[in-house]
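The structure follows.
Lettered A, B, C, D and E in written order, each chain numbered from 1.
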Amino acid sequence: MSETPAAHTAAPAARARIDTTSERHLPWYHLALTGLASAVLAAIILLALGKLSIAGVVVLGYLLHLIIGFAYSRVREGRRWATDRFVSLLVFGAFGLALIPLVSLLMEVIVRGAPRLVAPGFLTGDMAGVIGGMDAGGIWHAIVGTLLVTFWASVISVPIGLFTAIFLVEYARTGWMKVLGKGITFLVDVMTGIPSIVAGLFGLALFVTVTSNPGIRIGMMGAVALSLLMIPTVVRSSEEMIRLVPMDLREASYALGVPKWLTIVRVVLRTAIAGLTTSVTLAVARVIGETAPLLLTVGALPLLNTNMVSGRMQTLPTFINSQYKLGNAVCNSDTLTNPITGIEHACSVAINFDRAWAAALVLIMIVMVLNIVARLVSYFFAPKSGR
Amino acid sequence: GGSGDPAANGGSGSSDSGSSASGTISGQLAGAGASSQEAAQGAWTQNFIALNPEAQVTYDSVGSGKGRDQFISGGVKFAGSDEAMKPEDMEKAAETCQGGTAMDIPVYISPIAVVYKLDGVDNLQLSPATVAGIFSGQITKWNDPAIVADNPDANLPDKAITPVHRSDKSGTTGNFTHFLSETAPEAWTAGEVEEWPTDGGQSGDGTSGLVSTVEGGDGTIGYADFSKAGNLGVAKIKIGEEYVAPSADGAAKAVEASPREEGREEGDIAVEIDRKQTDSGVYPLVLVSYLITCDTYEDQATADLVKGYASYVISEDGQKAAEEAAGSAPLTEGLRTDAQKSIDSIKAKA
Amino acid sequence: MPQAITVEDLNIYYGDFLAVENVNVVIEPRSVTALIGPSGCGKSTFLRTLNRMHEVIPGARAEGTVEIEGQNIYAAGVDPVNVRRRVGMVFQKPNPFPTMSIRDNVLAGVKLNNKRISKSDADALVEKSLKGANLWNEVKDRLDKPGMGLSGGQQQRLCIARTIAVRPEVVLMDEPCSALDPISTLAIEDLIHEMKEEFTIVIVTHNMQQASRVSDRTGFFNIAGTGKPGKLIEIDDTEKMFTNPANKQTEDYISGRFG
Amino acid sequence: MPQAITVEDLNIYYGDFLAVENVNVVIEPRSVTALIGPSGCGKSTFLRTLNRMHEVIPGARAEGTVEIEGQNIYAAGVDPVNVRRRVGMVFQKPNPFPTMSIRDNVLAGVKLNNKRISKSDADALVEKSLKGANLWNEVKDRLDKPGMGLSGGQQQRLCIARTIAVRPEVVLMDEPCSALDPISTLAIEDLIHEMKEEFTIVIVTHNMQQASRVSDRTGFFNIAGTGKPGKLIEIDDTEKMFTNPANKQTEDYISGRFG
Amino acid sequence: MSTIDASNKPAARKTVASGSGRRAGDTIFSALSVGSGLIIFLALAAVAVFLSLQSREAIEGSRELTGSADAVSLLEYTGPLIFGTVFAAVLALLMAVPVAVGIALFISHYASRKLSTPLGYLIDLLAAVPSVVFGLWGGVWLVPRLEPLYLFLNKHLGFIPLFAGEPTAPMKNLASASVVLAVMILPIITAVSREVFLQTPRLQEEAALALGATRWEMIKSVVLPFGKSGVISASMLGLGRALGETMAVLMVMSPGFTYSLHIFEVGRHQSIAANIAAQSAESTGIDMSRLIFTGLVLFVITFVINAIARAIVSRGPKS
């Protein structure tokens, strides 16, 4: 040892005073200043190029700030703080970036969907007798259909998914169970890759074979097809959540003479409930907008049908899809008469698109509500850290 | 299923409807098939239900191919198809049709428009060869001499042409390419295809996808049901010596004047559209879509139901409803008479 | 009736690694047995075999016999859950249930097993157990607050309250006081004194004074080196162990402490 | 040069809850100061304000001044990261980095400041730090194994090694020995003796003997009751505190321990 | 306290050995767990069998097996589809994972508690948007706005094969499809990563901070290693979705069947799922069978990709 480690890490001379100016954390407004400078510079550059726009200033300004902020911090605060600043900027940038699609998408859907959404009878009516460009029609039947099909898909996949996750975390620890567990984990991963349309084809083939009725189209088929898509999401994310429950807690419970299954139910699941609700909500959100499998399995119907095991059903995604596919409507005459109610309606060329956007808005709102419910659940059941 | 269910699997007609003594038809009937017919079928089913409140007819627009498949397997009692049944399909359908035969009945005629988006050009006129040149990639500029020759008065820009085709397999593509291969065989060599024959290029899924792609670009051109053209420019096509805009009338006339396919069973009406006809006012770039039914069903109830529905579809009322709802061309009198004859032959298994 | 625990030829493994070798010992009923020894010698490991908590770790297993009430708890057909209900355990790190209030934490042993208990009984049990753990005065006004809100020492006392609320026959304690302040420690030590009237207690501790204060008998574990198995070197009356141990290793270890 | 730490009018809050009230104290350089007091009185809380670790907890804040080298570490513009680099900390529960090997755990702090440390320097530093924490012999053959594979006591010693590897000016220790066996404890205590030649050390301990053995000065914190703030009752030379404390509370507490 | 003692009095205590080995609750529960695992096994086996049976016609009728020049070559048919599918999904993943990790970190370690909950909620909302709507939005809003960026990259970085080629408007190309896919898989990766990051043991974070680490250094040395496997499995979830996504790709990309690296060119790529959706309506017989065969191939691709991911994860340091 030619040199003791202390010599270079702890030699008093090498120690800077705490308030040393060579490396110190500058207050936040330095960041704001560099940000402002970057924005101004961006504006000037764009002006020089003759391409000034707000979006351009934001984007170029952000990129410039990455460089300028870093360089400034590197000089004034040193390498470590500069890196820290840089990463903070990246992280904030990532968030801002994600807001772009989110906001624009919501805006787009709201702007295009809201007018039709508030039209009388849109939320409460169905499509009976609504033909051509008739400026009428509602989606109540599709809302109910979507909720039913998704509900039943959850009824099928949440228990299976949750129990599988429990198996993977709590049981598949030694011996043949571990081998089986590895196999299942792998298969679940593969399952995430099943294209939704294949799930639909499978659900169709399954029911046709079992009932030997080639024309069968019922809500339950859709639920089964969707659960095929939902299960892997449930398994994967709830597995993650259950794994995060500290071993300590299980041991504490075992030591109190609580059997394994009660420990899992009352301690593990209870502790993980917040994460589990998120998983299930995510899984529901994953499938609630699926079109292709439902198209093949539940068909379409302009009326309300709440029977899951008999008759076709309308759902929001297939409704959106078919309205979009119908495209521009024909308006050869100014008015159209609903053959069932006999009421005369105006004709609108864009009505199909309007209905599609409005239905999309409703679908998003449904998931929002589901999310809020899930959040309330996790809020009330999450571990109380008390800190 | 009982009549309480809003819809059920194909054709399980309720027992009391058999002789339709009350004058109304009842029972449940499911059909599936071409998406081109979706708007028209919507109008037909809804109107039919309004006329026969005891009846329940549904139509899933799953595509012609799937519709024929389901019809052959017995999943649905009628199908909608942009193409007449092929002979081998006819054989397969014999079982579903209780040993009888399946029938193609033309019910939906729609002109196909060549749509485009090109600022400053409102009245585009194109000859079939030019269209074929554009879509086969030989003509790439809007101010190409061939286009200029068709439009001597227009102010055509020096802009690239972006042809847009259907990315899905479709009857519209089939009719469009058939038209090109018949009228401009030198320029269009790929023949009649339902799937676009060449790789690459701009395309859209379904009519809506195609229309929105054409709308989304500049200097784009595509083909779509005339009724779906929306705000896009619609080109006049050179038929004979005239430039003809697509119209319901012209389409119906073109179908009327076309021969029937030979060698078909009695009652099976497959139109072989004559794309080369040049009579004044005809528009032979047209799509004919069929209703496919059996001539024999397993029970009287189903037979009555199908018969009633099909009759309504081809009736003057039905065709008018489709015209209003879907912008299709009403069947001409001659075709309707033949179709009615076929429909009248529908019966239950002895 | 608390019973003697008889351990015979016990070998304890983590997978293929023999962590503790050939333990033979009789633990007297209604007494406090302290286990001491250097870090890593297998005290915790051994303790956890006494209520079959060891096997909770994947791959961990024990060979040999541990008899309670003359019944080998490792015999075929014995339900580890039953064993653990009668042999309670307090851990080294405090581990209250994060989803439960202080009150529910104390009642966990009862409630998690879906047992029904009247509110007044529950209240009485909570008070008694918390008093036993010397925590009552600090938390009595916030029994419905989460258990995680307590300081480290308070949390550990909560865990002790939880364990004694089940009133097991045997209580195993793995350095229960290492996170406690002297006053709480003292209270726990007093409690251990009280408890041995009724329970058999085995306690792992690093604090030799604590061992000498609370225990009737003391066992000394040692380890020859890393990767070697731990062994029970000697077990004897506490007084004898701390004044006149039979084994040289024990003497070295104990005198090192007081050196 | 290690420096005195001067604390003036320090109030420490968790959100709205005043946890520690009005501390005024001067901690001598190159000395060991022990902090004792009952559980929950705010020893850990106070300790954590000395290197601004307190503010890591959401809602937690401190008011007042803490001067090191005559510079108030709570002054505007002072970088808490710089403070922490010079005021190291060992925690109550061992917390090695689970994804790192033993070697990397020791080097974790050093690598932050000095990216390009040569392999031989690093080796030497690892060895020296681990020896200082009395862990070298146990782990020298498995430096590349994960730190979590060690027993609790070994883990805590690894954390100590990690902290002293950075060689800070001040070392704060929050019950560093509560999970250690006597032999390791002794080694750490020796190490503390050695370290005070160069460092200022503040140690929280429940073990009053440890306080009397290692510290030059001892501070006693107390709390009037739950929900009340903790207070520094008295601080004085260790010998005086344990033989003749000025304050009645201190005497009660200390004699309770030895009762 | 007589009541308590009564419930625990020695007479009421059974012996240690009482009870019949394992209890019924445990047996049922573990049977349910294993059973659920087996159901997944069966479901997947059923899907695999279904796909294989249905694609038999295409395989048997392929040029490879029949040798006839008229028959469609499965290799030639499927190859570009595999390429397009994986290309789009991988691009989407490359774009989404860094952003998702950034957002997850933002929510877990940068934003204040008060802010982070609604922000997390906002991102979760994206998961709720049905893919048809993504398709609509992608076509109407996104594609025109990406156009200048594409042209810029194409012009100035065109020497990179990825950005080369001739972009034509509307930009219904692989790049647009990947961006839409990235947006679609963002919420699921974010949600899972965020949850994992939030679970990082406080003690370890404090350990790093106490050693004088900056926030980023703390995150780098503690949070990311702790969350690594979570992020990887979240990414696998996202990748699975990207590989199998149908409607959005269908609506945003003009398909083509080539092995082109030029992501800005239209009509060069197609994904398996979108191709099935586009073609299946009008396909019957062997054509349909061929489409189902591509579904089988997608299945196998997920198999392979997951196997690779697994190998990567298990090679990392074990805790």
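One rule holds in what follows: contacts are C-beta pairs under 8 Å (C-beta built on N, C-alpha and C of every residue); 3 or more make two chains touch, one makes a residue touch a chain.
Protein names from UniProt, one per chain: A = Phosphate transport system permease protein PstA; C, D = Phosphate transport ATP-binding protein PstB (TC 3.A.1.7.1); E = Phosphate transport system permease protein.
As the structure is a prediction and not an experimental result, all values here were calculated from the model.
S.K.: What is the minimum number of touch steps required to go from chain D to chain E?
M.R.: Tracing touching chains, the least step count from chain D to chain E comes to 1.
S.K.: Any chance you could name the chains that touch chain C and chain E both?
M.R.: Looking at chain E and chain C together, the chains touching each of them are A, D.
S.K.: Have a look and report which chain pair racks up the highest count of C-beta pairs in contact.
M.R.: Counting C-beta pairs in contact per chain pair, the top pair is A-E.
S.K.: Could you grab the centroid distance between chain A and chain D? Build each centroid from C-alpha atoms only and quote it in angstrom.
M.R.: Going by mean C-alpha positions, chain A sits 45 Å from chain D.
S.K.: Just the number, please: Cα centre separation of chain A and chain C in whole Å.
M.R.: 47
S.K.: Could you grab the centroid distance between chain A and chain E? Build each centroid from C-alpha atoms only and quote it in angstrom.
M.R.: Between these chains, centre-to-centre, one finds 12 Å.
S.K.: How many angstrom between the C-alpha centroids of chain B and chain A?
M.R.: Chain centroid spacing, chain A to chain B, equals 39 Å.
S.K.: Among the residues of chain A, pick out those that touch two or more other chains and give their numbers.
M.R.: Residues 80-81, 259-260, 262, 324, 387 of chain A each touch two or more of the other chains.
S.K.: Touching two or more other chains, which residues of chain E qualify?
M.R.: Correct list: 23, 26, 140, 214, 217, 277, 280.
S.K.: Please set out, as single numbers or ranges, the residues of chain D touching at least two other chains.
M.R.: Correct list: 58, 81-82, 86, 93, 112-113, 166.
S.K.: Once bound in the complex, which stretches of chain A touch chain D?
M.R.: 1, 3-6, 8-10, 12, 15-20, 23-27, 80-81, 387
S.K.: Which chain D residues qualify as touching chain A in the complex?
M.R.: For chain D paired with chain A, touching residues are 1, 57-58, 68-69, 71, 73, 75-83, 86, 110, 112-114, 120-121, 124-125, 128, 165-167, 169, 198.
S.K.: Quick one: in the complex, what on chain C touches chain A?
M.R.: So the residues of chain C touching chain A come out as 51, 53, 56, 58-59, 81-82, 84-86, 88-89, 91, 93, 95-99, 101, 108-109, 111-114, 145-150, 159, 162-163, 166, 168.
S.K.: Which positions of chain A touch chain C when the two form their complex?
M.R.: Touch list, chain A to chain C: 173-174, 246, 248-260, 262-263, 266-267, 270-271, 273, 381-387.
S.K.: Give every residue of chain E touching chain B within the complex, in rising order.
M.R.: 139-140, 143-144, 168-170, 172, 250-251, 254-258, 265-268, 277-284, 287-288
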